[in-house]
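Take this structure, written in structure tokens, and hold onto it; I'll ask about it next.
All chains are identified by letter, namely A, B, C, D, E, F, G, H, I, J, K, L, M and N, in their written order; residue positions are counted from 1 within each chain.
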Amino acid sequence: MDLTSAIIALAVALVMGIATIGPALGQGTAAAKALEGMSRQPEMSGELRTTLIIAMAFMEALTIYGLLIAFLLLGKMG
Amino acid sequence: MDLTSAIIALAVALVMGIATIGPALGQGTAAAKALEGMSRQPEMSGELRTTLIIAMAFMEALTIYGLLIAFLLLGKMG
Amino acid sequence: MDLTSAIIALAVALVMGIATIGPALGQGTAAAKALEGMSRQPEMSGELRTTLIIAMAFMEALTIYGLLIAFLLLGKMG
Amino acid sequence: MDLTSAIIALAVALVMGIATIGPALGQGTAAAKALEGMSRQPEMSGELRTTLIIAMAFMEALTIYGLLIAFLLLGKMG
Amino acid sequence: MDLTSAIIALAVALVMGIATIGPALGQGTAAAKALEGMSRQPEMSGELRTTLIIAMAFMEALTIYGLLIAFLLLGKMG
Amino acid sequence: MDLTSAIIALAVALVMGIATIGPALGQGTAAAKALEGMSRQPEMSGELRTTLIIAMAFMEALTIYGLLIAFLLLGKMG
Amino acid sequence: MDLTSAIIALAVALVMGIATIGPALGQGTAAAKALEGMSRQPEMSGELRTTLIIAMAFMEALTIYGLLIAFLLLGKMG
Amino acid sequence: MDLTSAIIALAVALVMGIATIGPALGQGTAAAKALEGMSRQPEMSGELRTTLIIAMAFMEALTIYGLLIAFLLLGKMG
Amino acid sequence: MDLTSAIIALAVALVMGIATIGPALGQGTAAAKALEGMSRQPEMSGELRTTLIIAMAFMEALTIYGLLIAFLLLGKMG
Amino acid sequence: MDLTSAIIALAVALVMGIATIGPALGQGTAAAKALEGMSRQPEMSGELRTTLIIAMAFMEALTIYGLLIAFLLLGKMG
Amino acid sequence: MDLTSAIIALAVALVMGIATIGPALGQGTAAAKALEGMSRQPEMSGELRTTLIIAMAFMEALTIYGLLIAFLLLGKMG
Amino acid sequence: MDLTSAIIALAVALVMGIATIGPALGQGTAAAKALEGMSRQPEMSGELRTTLIIAMAFMEALTIYGLLIAFLLLGKMG
Amino acid sequence: MDLTSAIIALAVALVMGIATIGPALGQGTAAAKALEGMSRQPEMSGELRTTLIIAMAFMEALTIYGLLIAFLLLGKMG
Amino acid sequence: MDLTSAIIALAVALVMGIATIGPALGQGTAAAKALEGMSRQPEMSGELRTTLIIAMAFMEALTIYGLLIAFLLLGKMG
């Protein structure tokens, strides 16, 4: 293994690491409000959980883009 | 693979990583308020979910721009 | 590819990455308040959504300027 | 292309990237309050939207100054 | 062991370390609201705990992606 | 072009970029409160907008100083 | 001992150190709300404590992943 | 032009850039409260605007000191 | 003593130092809420103190992991 | 001009730039509360403005110390 | 004394310095709430002070771990 | 002038610049509350202003210590 | 004096400087709440002041540990 | 003067500068609450001012430790 691979490894780590911060915080904020809403309006539980999962999927997608880039870079490490 | 490719790999990682932070936090904030609104005004659920998805698409677009640049740079790594 | 191209790649990544943070957070804040307003005043939904989209377009424009600069720099990488 | 051009490219990226953060956050804060105000005082919608657009133009101008400097620097990259 | 392995070790540490920050904070925020909701609406305990675990699984997944990348990079250290 | 010009280009970028952050955030805060005030006291709209524009001009001036320095430095790049 | 081992030691320290920040803050937030809930609804104490321990286990797991990576890297220091 | 001039250019950029952040944020905070006060006590408008302008002048002065130093340093670039 | 030992010493300091930040802040938050709860519901004192100590033990454990790694690294300094 | 002068120029920029941040933020906070107080107790306007100016003078003095040091350092640049 | 000792000295300083930040902030938060509780429920003073001292001892322990590591490293400076 | 003097100039700038941040923010916070108190309890104006000036003197002293060190270091620049 | 002593001096400065931040902020928070409590429950003044001094002593101890390490390192500068 | 003295000068500046931040912020927070308390309970003014001065002395002491270390290091500059 050469130095180039090592730097690409750093790039892989960087993209995967950073790409988890935002979505996780965003999902936490959304989930918190969904849970708060459920305890206030129990009869809305189903509706809220559906919307929460849609919103979380949007945010999970952002990390998946990062994961995709990480795999493409890993493939270039050879 | 040469050193130039390694630096471009870092650039790819940088743009993809950073481009997920803002949109994820923004989507989280918007989703949180939409979920809060739904539990307060159950009859507005449909309207709120539509507006939330429009807003999330705007923000998702920002990450997509980053993904686009990441792919263009990956293509230059050869 | 030479070292100059690699540094320009870093510049491209920098401008595109950073240019998504502010607008995304700003759009999230605006969307959150629009959704909150809708759940309080359902009859204002149309008006609020229109104003939200105008405001989001202003902020989206800021990222587009960054994208424009990123493309101009990519063109110089040759 | 020489190293000087590469450093100027970094400068272009720096000025354009940073110049989007503040205005975007400022526009987001202003838009949020305008939307909140509209849902409280529906009959003020026109007035609020006009003032919001004036305020956003002031902030958009700050990014335009950054864009102007970015173009002037790009012209010097040759 | 060579220097390349050492840099990959840094990459492994970076991705694993950073990938725990966001999800942990997000899970903490969600759990806090679930616990608050339970004490307000005791009869919703089951529903809230189920939703909390779904949300936590989404966020745990983000760290698992980081762990996956960390193992793939460890395998490249040889 | 020589290395000196490149460093001056970085200086130009630095001053223009940083000089937009504070004023934009300040203008956003002021505009937000003016818009909030308008929706509370509609009959004060004119007065508030005048004062807002005076305050924004003060803050815009700070960025203009930065722009002035940026042009003076650009002139020295030759 | 060689320089490679020293850099791996830094990596071990990095992953273990950073991996404690997020979970600890998350656990603190969750525990705070559980304790607040207990003092409001004394009869929910058992339920809240069970849910708190489930949530804390999820977050403790994130640090354990970091600890696992730290041990694997320590094993490579030889 | 020599390297010394380039470093002085960086110094000029640094002082002018940083010197706009604090005053702009401070002026924004003050202006926000003045505008809020005006909408609560319309008959105090004149008094509030006078005091706001005095306070803004104090803060504008801080940036002017930075501008003064920037000009003195520019003069030394020759 | 050689340079390798010095770098390992830095690693030991890094892991021990950082590993105290999160748990301490988390324990502070939890203890604050337990104390607040006690003053509101004096009859829950025993229950709250028990739960607080369980929660603090979870967080103390995170620092102990850091201490463990610090001792293992100290042993490698020789 | 020599390199020493260039470094002193950086020092001058550093001290003047940083010395404006704190006082400006402090003056903004104080002015904001004075303006809020005036709109609540119009008959206290004179008293509040006097105290505000005393407080602002204390904070302005801190920046003046920085300006003094900046001039003394400028004098040493020769 | 050699360079290795100097780097270990930096390590000692790092661990001791950082290890005071978290516990101090945590103790401050806990003490603040205990004092607030005492002024609300004077008859709980004894109970609150006992719990506060237990909590502070937990946090003080975190700094003591740092102090322990600092002494072990000092011993290695020779 | 030699390089040593230049580094001492940086030290002078560092100590004077940083030493203004904390006291200015602290004075701003204290002054803000004094002004708020005056508008609530006009008859306490004298008492509050006296206490504010005592508190500000304590904080001003901290910057004076920094100024003292700055002058002692300036004297060593020779 | 040699370079080693200079680096140890940096270590001394680092430990002493950082070790004052946390305890000072913690003491400020605790003192603020004690003073607030006194003005609400004048008859608890003695009790609150005693508890405040105990809490401040705990926090002062953290800085004293830093001071101790600083003196031990100063002794090694010779 | 030699380079060693210059680095010690940096250390002196570092310790004195950083040691003013925390205490100043802490004193500001404490003073703010004392002033607020005085305006609420005028008859407690004496008691509050005494406690404020005790608390400020504790925090002032932290900066004095930094000043002491700064003088000891200045003495070593020779």
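Here is the rule we go by: a contact is a pair of C-beta atoms (placed from the backbone, for glycine too) under 8 Å apart; a residue touches a chain by one contact, two chains touch by 3 or more.
None of these values were measured; they are calculated from a predicted model.
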Original post:
By label order, what chains touch subunit J and subunit M together?
Top reply: none
Original post:
Stepping chain to touching chain, what's the minimum from subunit B to subunit I?
Top reply: 4
Original post:
How many Å are there between the centre of subunit G and the centre of subunit H, using C-alpha atoms for each centre?
Top reply: 45
Subject >> Inter-centroid spacing, subunit I versus subunit A (mean Cα positions, whole Å) >> reply: 28
Original post:
Between subunit A and subunit B, what is the gap in Å from one C-alpha centre to the other?
Top reply: 10
Subject >> Residues of subunit J engaged with two or more neighbouring chains >> reply: 2-3, 5, 7, 10, 12, 14, 17-18, 21-23, 25-29, 32-34, 36, 38, 40, 52, 63, 70
Original post:
What graph shape do the protein chains here make by touch: line, ring, star, complete or other?
Top reply: ring
Original post:
Can you list the ring's chains in order, from subunit K toward subunit M?
Top reply: K, M, N, L, J, H, F, D, C, B, A, E, G, I
Subject >> In the complex, subunit I residues that touch subunit K >> reply: 1-3, 5-7, 9-10, 12-14, 16-18, 20-29, 31-36, 38-40, 42, 45, 49, 52-53, 56, 60, 63, 67, 70, 74, 77
Original post:
If you look only at subunit E, which of its residues touch subunit A in the complex?
Top reply: 2-5, 7-8, 10-12, 14-15, 17-19, 21-23, 25-30, 32-34, 36-38, 40-41, 43-44, 47-48, 51-52, 54-55, 58-59, 61-63, 65-66, 69-70, 72-73, 76, 78
